[in-house]
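Letters A, B, C and D mark the chains in the order given here, with residues in each chain numbered from 1 onward.
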Amino acid sequence: MATVFIPALLRKLTGGKDRTSATGATLRELINDLDRQFPGFRDRVVEHGDLAGSVAVSINGEVITGGLAEPVPTDSEIHFVPAIAGG
Amino acid sequence: MATQEAKFKVIGTRPIRHDGVDKVTGRARYGADINLPGLLHGKVLRSPHAHARIKSIDVSAAAALPGVKAVITSADFPKLKSGVVPLGELAMNPLYMSMNLLAHDKVLYDGHAVAAVAATSPHIAEEAVKLIKVEYEVLPHVQDVRSAMKEDAPILLPDVRTSGAPEKSDKQTNIASQVRFARGDLDVGFKAADIVVEREFNTAMVHQGYIEPHNAVAQYNADGQATIWTSTQGAFTARDQCGLVLGIPASSIKVVPAEIGGGFGGKIPIYLEPLALLLSKKSGKPVKLVMSRGEVLRATGPTPGSHIRVKMGANKAGKITAAQVWMAYEAGAFPGSPVGAGCMTILAPYDLENLQIDGFDVLVNKPKTAAYRAPGATNAAMGAETVIDELAEKLGIDPLEFRRINGAKEGTAQPAGPKYLRIGYLETVEAAKNSAHYKSPLPKVSGKLVGRGVASGFWFNAGFQSSATVNINTDGTANVVTGSPDIGGSRASCAMIAAEVLGLKAEEVHPVVADTESIGHTDMTGGSRVTFATGYAVYEAAQDAVNQLKQRAATLWKAKPEEVVFQDGVVSRTTNGQESMSLKELAGKLPRAGGPVGGRASVNPRGVGPAFATHVVDVAVDPETGKVDILRYTATQDVGKAVHPSYVEGQMQGAVAQGVGWALNEEYFYDEKGTLRNAGFLDYRVPTCLDLPMIETILIEVPNPGHPIGIRGVGEVPIVPPPAAIANAIYRAVGVRMTELPMSPPKVAKAVLEKK
Amino acid sequence: MANKVLVETTLNGETVEFLCEPRQSLLEVLRDVLGFTGAKEGCLTGDCGACSVIMDGRVACACLVLGPEVQGKKIETVEGMAKDGENLHPLQQKFLEHAALQCGICTPGFLVAAKALLDRNPKPTEHEVRFALAGNLCRCTGYDKIVHAVMDAAAVMQGR
Amino acid sequence: MRAFTYESPRSLDQALGLFATAGEKARALVGGTDLLIQMRAGVRQPDVVIDVKGIPELQILSFDPQSGLRLGAAVPSCRITEDKMMQDKYPGLTEAAGLIGSVQIKNRCSVGGNLCNGSPAADTTPALIALDATCVIAGAKGTRTVKAEEFVLSPGRTVLQPGEILVEFRIPAPKPHSSDCYQRFIPRNEMDIAVVGVGAAVTLNGDTCTAARIGLGAVAATPLLAKAASESLVGKPLTEQAIAAAAALAQQLATPITDMRGTAEYRQHMVGVLTRRVLNEAAKRTKKK
């Protein structure tokens, strides 16, 4: 079971819940589970079959690079954050 | 990874940079220095209006001028459809990119490119541009975020809807996107506060101000292959962007990165490259385009002006109990300000239970913003760090002690949520506290009032993809090939990392910055990533070379590779100490040992180590004129591991100088027509050496656990604290809280007079 | 090309002749006609100093000099600073040792302006150095290491 | 930049011939530090550029105790700032010449070019006005003279007629117990155009001011002689109050604009500040001699 923190602007989908538990061996499976729990969640973070360009995912404090195929360790802490480049 | 404890032989020393002699003798070739047989010179026609519909463009007179070989407009670009495509580390909308390169149906800002000409001399091209007739229908324009967010504001892009908004809407809007971070309970937090401070801030649009204007030379060949020479922060990024907007395969374009005269984020987007390529295609000749300084300021990618509201509460013990932030950033004419980064950085140095941060990306009739050194963080810090100074002052707590009480450490949740791994923020606060500067009494200056201010800053730093090869030469030296344009000494840092692994001297490693056909994909030089990520690739490639060397030695000794060790540039056989060889000896024997050795690696590393900085500044304020002089400046920073300390110091000193300019004088000054009135170095006032003191640096090395050598990015975070630190120093000097950037003499004088 | 004029000048000790249009600046002549690209174009308004050259012993912005104006003058550029193929000018050497350059685009202008200063004032104070170099913009270094390098070069040239 | 022909006359007569033929299509070139920028911007588009640096009369720099200073219109700022006599006798004009732009600019620009450019913000013009300078203009019909404060008609326009050329400035020898001072305000410490510039020359008899002239820059469409402010000081000791009163009169004369260099309100304020500062400094300098 991973702990997923819900972005503030998506909490309408979760009835205000700011975190939830979800299962999935990969990020794709995890997002599918979130979409089951909170219909519409997937469309907010996935675009043409990949993570939306504006979204980055942090697993246990590290921004991941594997996209939807990224493995999700059990009991990990997951955050959806804006993607940042830099100068 | 274990090597952090290792004693380094090369890393941490200060060798002369490998490209140094070329750069002090004038031999280094920057983009504008490229010359080719039959070279044509191009010029760009730009909009005089902030917002207008293009009714017609007549290029016939220009095309007819003797010496003119090609003229292009947006009609020469392929039709693209709107939609974001991921491009390496960047998400881009090719349609918007194309609309920015040459205006389609509307011009959206003063200086927006409309057409381009190639001719046999720059003077003829300039005359030709004047002969292009454009009929405009001038539209109402909007240039500040608060007006642009209003219901009845002029709309820049009809197809824009607010992405990230809680509910989908079909209304036209200038709000391109929205972001929020929230946790805890604000009401509870503010109730628990003994004191609450709330302030509004306005910061001006500012430019990176690199001294070298944008440039591009393009040669299109009849076989559809093209070569572009340009000063860019990312040869591959430039190539991919050109492919997207021109609708041709990226692989048909070779980008040769010329030496680059500064970028700071502003030379990641493309402006001239596709125009030069289209002009070359039309004329059949190589074409060079070089911007004037005015074009650079009017039409490249400055960093946004912003409106920021900060409300924070703290208790008597000095603990921040709640923080609420609202910020709107100018995107410019197309979506994509760094407001997300602003929201993620503004409170990042602190451990906060109750917070809400709202950010808005707002279209205005100004140039499309681009990255600028810790994009979005500096103007945000102006808000939070001055409010924190006020809280500390009202509670009678030393501002550095206040930061120590609230400072983030390993395990602290960032405003965006994720927990920090090992970071060195508190170390920078302690270093500032213990600095000779902070312990010294304030200097006296006759006729002026003096004050001391402090502020902190945060930047994520970036990872992204890098490739490197390390080839062993027959004389036992090595060549390091990377795809990272060297903007401030990264050839040296990459060579030093390879030298460290191979047991060579820094001078025995020759770094090369390769074109897009000579090295694996490498993302842009930006995000303070080169020494971290490209350095990572170089480290891995050098290790690969070491493994090959061990195998070659094993072959020579008829031993098993695992019986061979490599240390300090010597291979030796563990089972029998007799046999050992220096890298130089081995290199000479390679033809008999299985052939040349070439290590390679490509990486997309995680474990990016964020950077923190805390700065101390003394200012003298002339209460009559409002002029602020910087008397003394000290910058402390967690630099992870300083590979070449001189260039780390240089990054810090240069960023401080840019921060001082941002704080005191730099700003985009538009008139009521929406025309930029200070599009030159005369009135866009970057600091000269007479405006700055020596800049003291304190490097703190908290190794990044995510990097084999402990490296963190260092280039960006030092620009974050200066404006806030200077504002805090001005307050201590004259007792007024400045809430606008720049804090130019008229504003400071007004504030001081109003206080009296 | 319309009304080109023939100009004879001394460039880094060598007599050179060139043809140019009156509207071509010395900077264009150096870079485009003579192939000396050490002087850089940063602003074309005399505000950045990247195109600094020494003209009859005084530093000037090549972007604000017309090609024909250099008839009979002595021009020195960064390309002429090093004594020979093996020995850099002390200023060049100290810029390298002090890491006084990052991107390097402003470096030729700073070196030329600093040479003009030391030619007239071999023992400048820090303030004199900063005043003399205020017409040269650097956006990378914050000037700290540049000022140190110039002071150090002055000391070395004084045999101190 | 539009194409043009380049001339470099070696004598005044030769120059006057060239100017006469070209008429308003001609433009004199000295340092080019304003002209070349304006030509690139298309603000000025001469057909003939006449380089006047080679004309001996325009390079004269001489002082005579009776007739005073002769300053050629093309003498570069660097020669003025390095000249012991100038530093000693005309410190205000000398510091004004030393404030224009960078070393690179000072090596090229001239007081004459600074004036002929017609900018209200020219640094040396208020200093010339304070020193009661006379401009000597040569033309086909001979020479005429104009007071410095009357030379500029509006931004970019001067009294020079087609065919005329500014040759030199004549400035009276400083009286005993007199001195001058010029200060300007800029946001940085170098390189900027004056937000406000004020020049003042005062003569004292004991503590009493017997003569004063105040020149103002960047506070109106042209540089100004602050007549009322200057006269208000004559016959009085230069007390704080007297100086403050003069500063107030100078402020009344100013009609500044708001632009990227400062607001009208700020310029108004700064006229007062700088007028006080230059008067105090000039008075102090009279005592040094």
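The rule is simple: contacts are C-beta pairs under 8 Å (C-beta built on N, C-alpha and C of every residue); 3 or more make two chains touch, one makes a residue touch a chain.
Computed from a predicted structure; not experimentally measured.
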Inquiry  = Between C-D and A-B, which chain pair shares more contacting C-beta pairs?
reply    = A-B
Ask   = Approximately how many whole Å separate the CA-defined centres of chain A and chain B?
value = 27
Distance between chain centroids, defined by C-alpha means - chain A, chain C (Å) = 56
Key: Centroid distance [mean C-alpha coordinates] between chain D and chain A, Å   = 69
Query = Multi-chain contacts in chain B: which residues touch at least two other chains?
reply = 123, 208, 263-264, 682, 688, 690
Query = What residues in chain C touch two or more of the other chains?
reply = 21, 23, 44-45, 47, 131, 134-136
Query = At which residue positions does chain D touch at least two other chains?
reply = 1-3, 189-191
Key: Arrangement of touching chains [line / ring / star / complete / other]   = other
Ask   = What residues of chain B sit close enough to touch chain C in their complex?
value = 14, 16-17, 19-21, 23-30, 32-33, 35, 121, 123, 208-213, 259-264, 290, 292-293, 487-489, 644, 646-647, 649-651, 653-658, 680-682, 686, 688-690, 692, 694-695
Key: Complex contact set, residues of chain B against chain D   = 123, 126-127, 624-627, 664-665, 669, 677-678, 682-683, 685, 687-688, 690-691, 744-746, 749-750, 753
Key: Interfacial residue positions of chain A with respect to chain B in the complex   = 5, 7-10, 12, 18, 47, 50, 52-54, 58, 60-65, 77, 79, 81-87
Key: List of chain D residues in touch with chain C within their complex   = 1-6, 8, 29, 31-33, 36-37, 39-40, 49, 51, 78, 101-105, 107-108, 189-191
Query = Once bound in the complex, which stretches of chain B touch chain A?
reply = 84-86, 89-92, 163-167, 177-183, 208, 263-266, 268, 338, 340-341, 343-344, 356, 371-375, 416-421, 459-463, 526-529, 604, 606-608, 706, 716
